[in-house]
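Shared between the two complexes below is subunit A, which has subunit B as its partner in the first and subunit C in the second.
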Partner chain A sequence: MGVEYSIMKKTLIERIDVDSSGESNVVFSSISQEYDGLLLICSVRNDSTNLTFDIHPNGSSADRTRTTIQGSGAAATAATGTDITPLQDSSAYTANTFASTSVFIPNYTGSQTKGFSIESVTENDATTSYQRLQAGLWSNANAITSLELSTASLFAEHSSFTLYGVSAGSDGSTSVA
Partner chain B sequence: MPETPTKLVVDVSTGEKTRVELTAEEIAQREADAAAYAQELADAEAAAEALATLKASARAKLVAGEALTEEEAATIVI
Partner chain C sequence: MTDAWTPLAELTLTTSESDVVFSSIGGSYRDLVVVTNIDGSAQTELFIRFNGDTGSYVSLRLQGAGGTAAANTHSGNGMRLVGNGDIKTDFTFNSVIHIFDYASTSVHKHVLSRTNSSQGLDLCTGRWVNTSAITSVTLYPATGTFETGSTFQLWGLNTA
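Let's look at the complex of A and B:
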């Protein structure tokens, strides 16, 4: 008898590529509620010296908290805040480099607090370049139907944001009493 | 007069793209986000600088055979 494995399925929902005009904010709206989670993959640079961008679930700036640990190449730090902030490359970083960020949002359709699991690294040909792990929370009962990403100035050309829907496997569910 | 920043809204159910001007609240939020980032960066740099100073002091006292403070000892003994 063979062993059956549950296979997670990842479905491309939308990809946004920033053109030469740059973008202040980008929004994925009308997100389908058919998935078990969302995965956002970002390749990001901006035209200011700011090293983070912000995620606003349903366009909201309220109800957000997060805990961050971060290394810079010289020091390790930890911080908390009332926002959700992955890394982006700054305009001062090596030309044509982009930060890589992944954001996983499980159970985004539920009424419970939503978690944002963020792994983010900047790319820079210098001693200082950041690696960040962040646990974000959006303490709101509404399902997530849109994701807005904002930056201090403009997302730079060739930045990209790709949103996937993640489905659990058909036989992979486990209930704990 | 500077242009009002816009946001690119992509309706992922249809692929339709629209550009919408940011509201005054959204612009204020962007400024608040940038200020929060600057504060966090300043705090992190101050903490790193303070740690470096403590480590340098601990190292100098060890070489000189002097007693370390609790804070200095904590930088070299886990």
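Let's look at the complex of A and C:
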């Protein structure tokens, strides 16, 4: 489904590339409220052995929960938690590889709980590499106006984060009721 | 590729509804995609039908709920896209439903859906055992209604 998201009709909001100095967090701020959804595409590696990074809607660590299904190359597991955590490649993983992630956030401007539909995979030339489906929730009535992405160490050079706005609409002939 | 998806219709409910129907769908696209954000009147399952048909549908589901992963199948007169309890009453239910080759009159229609809620997450594959071209799509909860504020969007996907 990540591939489908990648070709969805969308408007580029901003792309952030990490340079050689690394970044401990990346922030998309002043996000326009004109779209029907947000799509975040990430290519991520970090300078330590951490395998996840954190998403903080509006910079907040509160009100977050998630359910995860994950494969490790050898086993499947499920888990819950109080954060929103896509995968990132470890510094111990094959050189020049990056984890790939899509995060879809429909109805980000509403007052209802915001859902984060996450598909994320690491890349490693070994048996152990991870594939993750995650349902993240931010149980907060505020519209999302910023997204902070943080890691415990540093995002590595060449990591990239691209945010799109997704727009729905009508073709004038199809009806819905 | 930025215009590969064409928006066809969208609806935000202003009253509760027992179903939502996309109709008069043209056949000029390769695939269809439905995107929803739903508040339900009850904790229940989501189903989909095509052309109003109550014939044969089958689906296979992989679910994560709490710390448990599960898989199961379903067959009936509508296609089950999520398992018991995955529509919630808290506006947390989101879905992206991809309907492949919908205009074909030669193949059964295949569906891949990804759904999330505070109940958990599901990855479903389904098949409408019918070769008719799809001209309408109906979404309905197993019980209760879709509540005010729920949103439904339909897209046509071009591949050329």
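As a convention for this text, the second predicted complex is superposed on the first by the 162 of 177 C-alpha atoms of A that agree within 3 Å, B and C clash if a C-alpha of one lies under 4 Å from a C-alpha of the other, contacts with A are read in each partner's own complex, and residues count from 1 in each chain.
Following the convention adopted for this analysis, a residue touches a chain if its C-beta (ideal position, glycine included) is under 8 Å from a C-beta of that chain, and two chains touch if they have at least 3 such contacts.
No experiment lies behind these values; they were computed from the predicted model shown.
Based on the superposed arrangement, let me know which partner A:T77 touches: subunit B (first), subunit C (second), both, or neither?
A:T77: touches subunit B and subunit C.
Applying the touch criterion given at the start, work out whether A:S24 contacts subunit B, subunit C, both or neither, answering first, second, both or neither.
In the superposition, A:S24 touches subunit B alone.
Thinking of the overlay built on chain A, is A:D54 touched by subunit B (first), by subunit C (second), by both, or by neither?
It touches subunit B, and subunit C stays clear.
Using the superposition on chain A described above, determine whether A:G115 touches subunit B (first), subunit C (second), both, or neither.
second
Which of the two partners, first being subunit B and second being subunit C, lies in contact with A:S32: first, second, both, or neither?
After superposition on chain A, A:S32 lies in contact with subunit B alone.
Just checking: does A:G169 make contact with subunit B only, subunit C only, both, or neither of them? Give me first, second, both or neither.
In the superposition, A:G169 touches subunit C alone.
Of the partners subunit B and subunit C, which touch A:A126 in the superposed model: first, second, both, neither?
Neither subunit B nor subunit C is touched by A:A126.
Which partner, subunit B or subunit C, touches the larger number of subunit A residues?
Of subunit B and subunit C, the partner in contact with more residues of subunit A is C.
Can you list the residues of subunit A that touch subunit B in one structure and subunit C in the other?
On subunit A, the overlap between the subunit B and subunit C contacts is residues 77, 79.
Would you tell me which residues of subunit A are touching subunit C in their complex?
Subunit A reaches subunit C through residues 1, 4-10, 36-37, 65, 67-69, 76-80, 104, 106-107, 110, 112-113, 115-117, 119, 133-137, 167-171, 173-177.
Subunit A touches which residues of subunit C in the complex?
Going by the criterion above, the answer is residues 1-11, 20-26, 33, 35-37, 39, 62, 64-69, 90-94, 96, 98, 112, 114, 116-118, 120-121, 123, 149, 151-157.
Give every residue of subunit B touching subunit A within the complex, in rising order.
5-15, 22, 26, 29-30, 32-34, 36-38, 40-41, 43-44, 47-48, 51
Can you tell me which positions in subunit A touch subunit B when the two form their complex?
13-14, 16, 23-32, 48, 50-52, 54, 61, 70, 72, 74-75, 77, 79, 81-83, 85, 148, 150-152, 163
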